[in-house]
Amino acid sequence: MRKTVNQRAWLFVLPVIVLVAFNALLPLMTVVNYSVQETFGNNEFFWAGLTWFEQVIGSERFHDSLIRQMIFTFTILAIEIPLGVVIALAMPRKGFWVSVCLVLMALPLLIPWNVVGAMWNIFALPEIGLMGWGLNALGFDYNYTRQPGAAWFTLILMDVWHWTSLVVLLAYAGLVSIPDAYYQAAKIDGASSWAIFRYIQLPKMKRVLTIAVLLRFMDSFNIYTEPVVLTGGGPGNSTTLLSIDLVKIALGQFDLGPAAAMSLIYFVIILLLSWVFYSLMMRNEED
Amino acid sequence: MTLELKSVVKRVGGETHIHPTDLVLEPGSFNVLLGTTLSGKTTLMQLMAGLERPTEGEIWFGGRNVTGVAVQKRNVSMVYQQFINYPSFSVYDNIASPLKLGGIGKAEIDRRVREMADLMKLTPMLQRRPSELSGGQQQRTAMARALVKDADLVLLDEPLANLDFKLREELRDELPKLFADRNCIAVYATTEPMEALLFGGNTATVHEGRVTQFGPTHRSYLNPSDLISAQVFSDPPMNMAAVRKQGAEIVLGEQARWSADGTVGDLPDGEYTIGIRPHRVTVAPEGGQPVPIRGSVKIAELSGSESTIHFDMDGADWVSLGHGIHDLPIGAEAGFHVDVSRAMYFDAEGRLAAAAGRRAG
Amino acid sequence: MAKITLEGMGKSYAPDPDSDPAWALRRLDFEFEDGGAYALLGPSGCGKTTLLNIISGLLDPTAGQVLFDGQDMAGRGPDQRNIAQVFQFPVIYDTMTVRQNLAFPLKNRGVPAAEIEARVAEIAEMTELTGMLDRRASGLTADGKQKISLGRGLVRDDVNVIMFDEPLTVIDPHLKWQLRSKLKELHRRIRRTMIYVTHDQTEALTFADKVVLMKDGEVVQIGTPVDLFERPEHTFVGHFIGSPGMNLLSCGVGNGRAIVGGAEVAVANGEAAANTGGRLELGVRPEFVRFAETGIPVRVSRVMDAGRYRIVETLTEGGEILKLLIDNETGIPSEATHVSFDPANARIYSDGWLAGGSRAA
Amino acid sequence: MKKRGLIPLVYILFLMLPIYWLLNMSFKTTNEILGGLTLWPQTFTIENYVAIFSDATWYMGYVNSLLYVSINTVLSVAVALPAAYAFSRYRFLGDKHVFFWLLTNRMAPAAVFALPFFQLYSAVGLFDTHIAVALAHTLFNIPLAVWILEGFMSGVPKELDETAYIDGHSFWSFFIRIFMPTIAAGIGVAMFFCFMFSWVELLLAKTLTSVEAKPIAAVMTRTASTSGYELGLLAAAGVLTIVPGAFVIYFVRNYIAKGFALGRV
């Protein structure tokens, strides 16, 4: 669109900037403040320099959380994105069933996150949960409160349950915006279903899929409530992801300095990875 | 009220969209801005309306400098190529909208809306939403809104371009009647020379951000001030060729030579470019001074009553447009006749040197 | 290459197609001859795109059959009919280069690589895309993209028919005629059946050997451009073809002549009209009306100069508008005068249909 | 074609299973739940729901949640509207950077902000108020609302604005009377997403409240930990948290797909 230069547009953006800055910049400054100080309670603070950063970056505990976080995020991305696309492709394009599908699929997205955790907590209980009972009845030895493997399986299944619909909705939105003429042209050109997907649907979904990957990446990296309610990070520390660890340090142990330093490192990792994702997916887009 | 553009310039970023332009539009006049897409017609209209502020120069309206005056405070109206209406309003409310803001009484608004709807053949659709109308009716609604408030300046930016051929013809026929007894300045942008000619009035040819010529439409058509204006004002494109004047003769390469009559004879010897409109190039000899030339046919387009023949004339693309059906095969060598008495001669700088037997000046 | 036959073919979207007004496309028998250039012409909503989609197999007819070389196509999708289509908005494969786009239909059909390369080179030459073969298709302008769509149709040598659905809609006005004549030229060179859907009479008449003129889901007349221009079967044809359209005057009939406001006028079908009832009208194109000493009395009301001709609007004593199309050299009488018609091109219509014509009541 | 429809069907069944189980549990007595697995309530009871509706700590949790979610939704969309308009219509110094900066806030982990938020809102005296939660949630909802609205607004031709100004509308008259009705669908979609993300968020909501503005989700966690395993009650409360969301989706069902498609990166 033809845009005109107008510096007074700043006035329109100002309320947004003030509100977001209040919520983002002030706390961020607090975090930065803590991250370079040492406290022994009584509101006494001492300059600590980069000590906390060095400590966090060097700590085994942080490495483990980060690795667990990476495994979790990439696993759910590897499942949810292709699965979401496949489901979107299989959905009807028109008619009554579209609305029904969309409403039912969007339902998990609107359930408070701790309820999601609680729901799966109950659902997966070995004796009285349908899934836990079912798996054991089928001969699997399954108890997520005791087996790290089972805990991971449940955690990932829960996330797939919770968030795949977002990918479906985005991919579906991309699909329905493709004009019929493209499908007609492909039919006329004798394209196979695979070719239609590869050369029409996938390129046209690229933009929304970029959004899907970014959103899922960011949100899964930030995930806290659901795993805490489901497993509490256990058994042991086997499902302690970054956020859980952070809260344990900050609120559990009240180690404000290390927690703040970890927060910043954490935030920077997200920003960096998001940027990498974004530039990778948007490559070739400009020419 | 007279509208004056005084040395108006519009630059956006580093780009100059409008080069220094002077233009005087009289009240009651119908003015056409003629030029290709992106030639600067729309920018000119936005400057006139006050939607954009000129980078340099002034705009005067009715003897008052209105350069910085907000568009809300100028009595103008505008119709766009896209069918722009308020989607959430009914047709009635769309037309009434400018009046309601003008502080006019309810009864008077109602009277004027209904009168305008009647004129624009919209009466049966008054309660409908614009999205429920056909393209032609949507554009009629937009025009009704533009005309209902008696604006001093009515701007029409290619309003018929998105309509079907016959609808375009119908509205084109109605438009001059709508403006007949108004004392406003009408400005109409179009890419089609034919539209400019049918409306008459004045025409400004616009090319790459410059008004190359402004004056009464038919005079400009017959006496383009330069090569560019002539090209802009020709559809199909003007045929051009390099010629040489040698004494009393004009030489067109190996193809033809003819006697330089009238004012053409007064031109100094040398190189010129001639421009000849397609309908002056015909298969059978026609007009005052037909001169035979040859070319190889690229394609003959036949309509029910006319033939448009594209051919190659010594490396230049030429077009012949004439009555009758001449179905010439592709690649055929064919003879045509050029009525050189209608040729326009342009000098090395592209200025008109002589035209149609008259000396330019 | 094939002959396409429509046998009693019709389309209805209503659940109960027996009620006549429900037909989106009335039943129709027609034969598209192999190698012909056809245009489906009509205002929006006339059913021309429906017809196109039935031929291509994107829609199924409700009644009747579509035959390719005598073979019923029922149940066969567009991929099994060996057709090609160019859509209103350019459809290209964004992620591919121009070359890959052109090769796509061949690759899908398992044509050997060497042959693909040769065909693509040949078609690129024809469509003037050679220089851009390795560019990303998404980077081309609208006309370039339409050429790619066209090229994808041309690249297969087994294509039965190439269809165009208003292909010039998104093309810049000053480039339209170039692409239009390119299409015509390609048809002349390769002689493959082409069907062109448009609402623009100029596009239809210049492109097609035969024009199918449609209105409200019904074919009104099929004929060469000259047929449609000179011998309209219906007043709608007279109106839709030609600009301005055909004049219509209410008339009576007597002595094998038309009677207009008391004056007797010689017409081409006076005898045939003698026995027809219904509402009678005299139809004559502006091109075939001349000022005369005697004839029908008129008053000149408006003159529009279109550059290469003038359109004169006159009013008959009955208050009906009668337009003349005359050249620039002929004088125009100032006020009251008479007009006469070319008897071979003036006809009587009864309830819209040509009296004595094939479809007369 | 038939086989293709199976995929969404199986997926929806998978989605419904845990919800069915939650619903199933909510109508059971505690004894039945702990007594063993039953596929539907043997002794059907609405006790759990009665308990929730007769206990102020329970139902006030719903009221609190709905209250701050509503404030947040209205606030986010109201300030996002003019900002989105500026981004879609004007170029100004730093426009792209501001837009990107806004979006980065969508990436901020709530866990990082939990403690500073607690201190910040305590310092300004807003701790344990609905306003505090509503304001805190604008951190991620405003960027989202700006982003969605900007997409919708860019789909409206600029000529509409110009026509309104030419007709004599002032900016705000145009914006409220003409522009907002034109992008009503976009406003609906933006409100939907704001509602959704505010409704489902717990960490910040829990951190910023203690008694007065405590959200339903927080009441649930407390119940789960203090009164042992009252699973039936917990299930009933969970079911009730799904209800408002289900309502909201139903109203915007026709716009969801469109809302996603029009956003831009």
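The chains carry the letters A, B, C and D, assigned in the order they are written, with residues numbered from 1 in each.
FYI, a contact is a pair of C-beta atoms (placed from the backbone, for glycine too) under 8 Å apart; a residue touches a chain by one contact, two chains touch by 3 or more.
All figures in this text were calculated on a predicted structure; none of them were measured in a lab.
Asker: What is the graph distance from subunit C to subunit D, where chains are linked when they touch?
Answerer: 2
Asker: Go through B-D and B-C and name the pair with more C-beta contacts between its chains.
Answerer: Answer by contact count: B-C.
Asker: Averaging only over C-alpha atoms, locate the centres of subunit A and subunit B and give their separation in whole Å.
Answerer: Measuring from centre to centre gives 57 Å for this pair.
Asker: On a C-alpha centroid basis, what's the spacing between subunit B and subunit C, in Å?
Answerer: The mean C-alpha positions of subunit B and subunit C differ by 27 Å.
Asker: For subunit C, which residues are shared contacts with two or more other chains?
Answerer: In subunit C, nothing touches at least two other chains.
Asker: Could you please specify the touching residues of subunit B with respect to subunit C in the complex?
Answerer: Interface residues on the subunit B side: 36-37, 134-135, 161, 164-167, 169, 173, 191-194, 197-198, 200, 218, 221, 236, 277, 279, 298-299, 301-305, 308, 310, 321, 325, 329-330.
Asker: Please output the residues of subunit C touching subunit B within their complex, sorted ascending.
Answerer: The contact residues of subunit C facing subunit B are 43-44, 172-174, 177, 180-181, 184-185, 188-189, 199-202, 205-207, 225-226, 228-230, 239-245, 287, 304-308, 311.
Asker: Which of the residues in subunit A end up touching subunit C in this complex?
Answerer: Residue positions touching the partner: 179, 181-182, 184-185, 187-192, 195, 199-200, 203-204, 287.
Asker: Tell me, which parts of subunit B touch subunit D in their complex?
Answerer: Those residues of subunit B that touch subunit D are 46, 49, 51, 70-72, 76-78, 80, 82, 84, 86-89, 97-98, 101-102, 142, 145, 149.
Asker: Please output the residues of subunit D touching subunit B within their complex, sorted ascending.
Answerer: My answer: residues 157, 159-160, 162-170, 173, 178, 181-182, 184.
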